[in-house]
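Okay, handing you the structure first.
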Amino acid sequence: MRDVEAFYGQIQALRGVSLDVHEGEIVTLLGSNGAGKSTTLKTISGLVRAQRGEVQLEGESIAKLAAHEIARRGVVHVPEGRRILRGLTVKENLELGAFTVKDSGLRRQRLDEVYALFPILHERRHQDGSLLSGGQQQMLAMGRALMHGPSVMLLDEPSMGLAPKLVTDIMRIIKRLNEAGTTILLVEQNARLALRLAHYAYVIENGEIRMQGAAAELRQDESIVKAYLGVGE
Amino acid sequence: MTWYDSFLQQLVDGLVLGSFYALVALGYTMVFGVIKLLNFAHGDLYMTGAFAGFGGLSLVSGFLGAGWLGIFVAMLLAMLAVGCLGVVIERVAYHPMLGAPRLSILITALAVSLVLQNAALALTGGQYTAFSTDLGFGGISLGNLFLSYNQIVLVAAAAVLMIALELFVSRTLYGRAMRAVSIDKDMCRMMGINVSAVIAVTFFIGSGLAAAAGTMAGAYYGSIWYFMGFLIGLKAFTAAVIGGIGSITGAMLGGLILGLLESFGTHIPFIGSEWKDVFTFSILILVLVFKPTGLLGKSEVERM
Amino acid sequence: QEGPIVIGVQAPTTGSEATYGKDMFNAISLAADEINADGGLLDGRQIELISGDTACDPQQSVNAASRLASQEVVGVVGGYCSGATQPTLKTYGDANIPFVIVAANSTQLIPANPGNAVMINSTGDDQAKTALDFFEGKGIEKLAIVNQGDAYSQDLANLTRDAWTAAGHTVSAFEYVNKGEQDFSALVNKIRGSGAEAVFWTAYYADGGLLIRQLRQRGFQGIIAVGDGSNSPELFNIAGKAAEGVFAFSNPTADFLPAAKQFASDYQSKFGNAPGPYAPLAYDGMQLMAWAIDKAGSTDGDAIIKALNSADGQEWLAGPISFTPQHTLARSNFVVLEGQGGKWTRYEK
Amino acid sequence: MLLQLKQVSLSFAGNTVLHEVDFGVAAGRIHSLIGPNGAGKTSMFNVITGFYRPQQGDITLDGEQIVKRKPHAVTRLGVARTFQNVRLFREMSVLENVMAGQHCRSRAGALAAILRLPSQRAEERRILETSLECLDFVGLMGHQDRLATNLAYGHQRRVEIARALATEPKLLLLDEPAAGLNSGEKQALIELIRRIRDERGVAVLLIEHDMSLVMNVSERISVLDHGSLITEGDPHSVQNDPKVIEAYLGQDDEELAL
Amino acid sequence: MDKHSPPTPTDVDEHDSGRAKPRNPLQKLYAAFESPGRRRALHLTILAILIVTPWISSQYTTVILTNALLYVVLCLGLNIVVGYAGLLDLGYAAFFAVGAYTVGILTQQFGVNFWAAIPFALMAAALAGVIIGGPTLRLRSDYLAIVTLGFGEIVRFTARNLEITGGASGLSHIPEPSLFGWHIDSSIDFYYVFVVLAVLAYVASQRLFDSRLGRAWLYVRHDEDAAEAMGINRVATKLAAYVTGAIFGAIGGIFFSVNLGAISPESFSFQQSVLILLAVVLGGMGKIPGVILGAFIVVLGPELLRDFGTLRLLIFAVLLLLIMLFRPSGIWPEKRS
């Protein structure tokens, strides 16, 4: 991603953001509220058009592609607020995650994998997905993304609203996915956790990248710890 | 005629009329199901379909005749043409409005309806066009019960179209995607669904169904004119809503119920047929009071 | 004074009644063209028409009428929907503009007429009487009456019902249908179930054609008669062979007077379709207006109104015209027609 | 007890969400409700505020039965809430959002408004003043004319709290108010919650998954699991309760095998 | 700002523009009307124009302006239901009809004085508002649409079928009213009556909008549950919207009936309801000046196009379509975003 600028109407949300995510890495994007983290992810997945700048996937420009085409290239975005399809059952939500998978055998296999990962989804498979509790919805959103079989996952605050125990679980799952070869760009409010998980980190502020570095190094940086880990913890 | 015969006849007629309403309501509900638009222009697509079918029939009657075969081919042509028209309308008039308030799209649909209606008025000079076919008045009589061949074919054709559609929407992943698009377009995009294509397909099918119904109506009743879509549009809307708007089976059910209500509404003892519509609407309102999302509509519980 | 003589045409040329409105407009322009071709009026002044579209809506027709009045038309010809015509009477009355009402014929119009308007279509009363005589002549006892719920057809239906029951007969079914409704099967069953020996359709040909078709299709064998709103050759297109043997009440028109034959063929060749039921009256209305202007010798409102009211029974397409003190047509010359071989013929009992 | 739940049970289509819950919140207290996802915490809020109707059980506020009442009536009686997902009125200003809270404390109808009766004008003034005061209280003075949904997320949370305070409640229910906040903002939130209790005397019932915040601010903690209360006590004892660790807390994330 | 310091509450939002400075000329024009001083001047100018117009223009202009002013009243009424409270109403003409017929029947059939008939008409309308509002409050907008449509049609069919309403021919010879010896009779008289009504409707709308009830409508429209949680009784609030809207509609109907002197069911058709809705949405739901503009467009548009004959509605429809495409939230929407 190079010098990307993005707008909402007349509001400029990104002011020349450049960042690199290498294959097989977990990269985390930190920043306070309204800094532009979600917008960055949306620009990559094509929901928000970059007015200026370049977005490339494996060396190919995707800045001009429609969102669904980007998704077909293996980039899956798990958005903020989960966005469960209301009125569809848990199972239908999951199946639609695999919309681009033409092989129905593969779809079924993935479904079983997801159920194994999140047993509660199996238990509730016939329930309207939007009636799940907040945390359950987050699992559904993750599961739906996994159905796609993504090569790149864009995760927007996946730990939001999860019980402490589940946060650890989700983080573990992210790590496992990454070990299985999925490239991950993670936006997290829980910076400590994110920095422990990630290989590399960026800090965004007011639509601009303020600093970047290997996660392990940033974790040692006093100023970061102060600014984003707070004193409370 | 005994009361019993007359009851049966009313029942049969109501079902015939209802299956016809159902067919039009189906297109209405499909379009609604995907972009949450009460497509006020649907009735006018039906009218356009009738004229397209008329045009189609004059094209093919030379070598296929104006019997069942000719009408069938004309109907397919009309479905194709009006299906494409529906897609064009969606692209030109509705697509740019997708982010706008829902009522704005409603008004746009209304404007489209006015455009179609008045364009047809200008083109036909307001004349009634006789839709003449070689179909006879023949039919089957079972005692006092009479069923014309035309009615049988009409119901059969409507049933086939409806069942095919129902299977498509409920059983295929593509059908599921249609439902998903109505809920959250951006999410669908993120899952790799080509939202515009899904919407276009929906409009194609919905408009095609309207055209099928229009052609059948033309052939069955024998005359068409520029304003014929208005009343049927309202009825289809009513049927779709009663059944639970967005629900395909609901539209079918709603259509049948409306047909039966009208059929029996003509015969209520003590009050004359001038109260038929008051009767129909009152029942519909009552239904909605007790089933606020229509007979088969999903109640949308929202989580807090 | 120089320049063209401007005449307003008040008719619904948009909306659901546009079929009839355009028909009237066409007939009026045909008349105007003929007059202009003959050298115009008042020493060669040409007639120029301005359309006042009412869309059959009272509010819109008041707008149209005010506009015509503001454009200082010499006279107005037209008036199709009674409901939309009524509020315009005051507008023209205030501006003292002569108004020839060619179709609208509700009895409600009579008291609202300030005196500047004349009605050249017989009112429902006359027709109801013709219907009574006809059905009695056929020995009918049980009659079904069907109307469309608009001012005209409801009025005619009510008048006929009252006359029929007053004469000691039975109205076995008194029914309404909505304009534009295509399926009459329930209604047909009801009529058949009621034991009606005859059906009287009081509304227009389009839906009437469908009703006739479906009545015959379902084996109704009694007499079917239609009111003057359905007296159109188009009825045969719509109802097909079911229209054979159907009776219609009407002013004598198109097919019976030599002049009318010419009119019908001119109309057909000019507009590509047969004249509708009110085309001859509209044509007459324009001719009558021209005659009155000519007779008045000026474009002065009072003079023309006076001339109009002095119409002395000369023959027009639709028969002779002279007026009662209420400015309605002085005679009823309703005749009975019968559909034969795809067209209307005069029925003599 | 300010709020008292007795034997409250709730289920949806056979799924038991709350099972014979007995629970109370004392006046002037900061009380937290924690538990795994899907335990029924939000549902309990919904039951208290009248959005869900429990199949059985009693709920009283200050001794008054509130279980059969409509949400707006419950609010009038003195229970205010925020939502798990921020639900501000879109396209309306911050001030207008907060003024919503004052609705149940005012009365003027259509006629009074059309005629601009003096009583109506006085009432409008009071609504305005109270709302501004609430905004000031949560530290958003100066933002009142902006569109609420254009504010930063943390601020939106505060607007929601100000709006709830404007209903002049006795009890404030906060559903995950810290979700999506960074640590600085969380700290400020803790202050705010304390001030709500101390300066306004409003009892607070809090749902939250952020343990450091919960442990920091609560005087009492109840733990809900599968619709039943499994423990209640002070922060320290709850934190070390093996049942709670098992069901909810898990191992400390420091031990995460990464 | 120090590179690594956590953001302070005030500086996160400098690029927020909820009420940002208007940029394009159209927005500037709108903004000009938002300032109280100019608004006052504007009001006075418009009022002055309204007062002198009939003296400097033709009777035709007076008549269609009267009609436009009638629509202003109706549209402002529907705006309360649709624009403020967000309740889709496809049967608004029913309220219009209730007002017109009540006065028509009372004055023409029972000889009641016009002014004495008004309270009855208003009560009838309020009752109608409750009848339609009551059972529909749980319904989502699409279902509400069909119920209101049905209600509108029931009212029209009833008017068509009953004898007391004059059947399909309707009532005629509804007497013109007098006010303190002034016989309201000519088109100019009625024009001024409607100017007064439109001004009253405008003022009332504005005051309602700025009131507790007006805000409650918006809250309920935006988020029923959140509104309910804030102590707003959504049933009562929606009913209030229906009843208020009904009363506006009835007032329009009352004066419509005496202006035309004759009423019939076709004036209260579904198309009439749709036209009023069209004006409201086209102008900009919820925004009073927008709605007024919409009313004028809907009435004047087809009139100005009269020279196009049969094509006038076609052209009008195309124009409507273009307006909607270029200004999807209406010409003068409630909020700029």
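Per-chain numbering from 1; labels A, B, C, D and E assigned in written order.
FYI, a contact is a pair of C-beta atoms (placed from the backbone, for glycine too) under 8 Å apart; a residue touches a chain by one contact, two chains touch by 3 or more.
Worth saying up front: this structure is predicted, and the values here are computed from it rather than measured.
If you average the Cα atoms per chain, which one ends up farthest from chain B?
Farthest by centroid: D.
Which chain's C-alpha centroid is most distant from that of chain E?
For chain E, the chain whose C-alpha mean is farthest off is A.
Decide which interface, C-E or A-B, involves more C-beta pairs in contact, and give its chain pair.
Ranking A-B and C-E by C-beta contacts puts C-E first.
Quick one: chain B and chain C, Cα centre-to-centre, how many Å?
35
When the centre of a chain is set as the mean of its C-alpha atoms, what distance in Å lies between chain C and chain D?
72
Averaging over Cα atoms per chain, report the distance between chain A and chain E in Å.
Taking the mean C-alpha position of each chain, the two centres sit 47 Å apart.
For chain A and chain D, what's the span in angstrom between their mean Cα positions?
The computed centroid separation for chain A versus chain D comes out at 29 Å.
Which chain E residues touch at least two other chains?
As it turns out, chain E has residues touching two or more other chains at 6-7, 12-13, 16-17, 160-161, 225, 310, 313, 337.
Give the residues of chain A that touch two or more other chains, as numbers and ranges in rising order.
Correct list: 32-34, 131, 227-228, 230.
Which positions in chain D touch two or more other chains at once?
Expected reply: 42, 51, 83-84, 152, 154, 182-184.
State the interface residues of chain C toward chain E in the complex, per the touch definition above.
Residue positions touching the partner: 13-15, 18, 22, 51-53, 56-60, 62-64, 66-67, 69-71, 81-84, 86-87, 90-91, 94-95, 106, 108, 111-112, 149-151, 153-155, 158, 176.
Mind listing the chain A positions that touch chain D in their complex?
Going through chain A, the ones touching chain D are 32-34, 81, 120, 131-136, 138, 157, 160-169, 171-172, 175, 189, 191, 193, 196-197, 227-233.
Which residues of chain B touch chain E in the complex?
Counting only chain B, the residues touching chain E are 32, 38, 93, 96-97, 99-104, 106-108, 110-112, 114-115, 118-119, 121-122, 234, 237-238, 241-242, 245, 274-275, 277-278, 281-282, 284-285, 288-289, 292-294, 300, 302, 304.
For chain B, which residues count as touching chain A in their complex?
Touching chain A from chain B are residues 173, 176-177, 179-180, 183-184, 186-195, 298, 300-303.
Which of the residues in chain E come into contact with chain D in the complex?
6-7, 9-10, 12-13, 16-19, 203-204, 207-208, 210-216, 218-219, 222-223, 225-234, 240, 243-244, 334-335, 337
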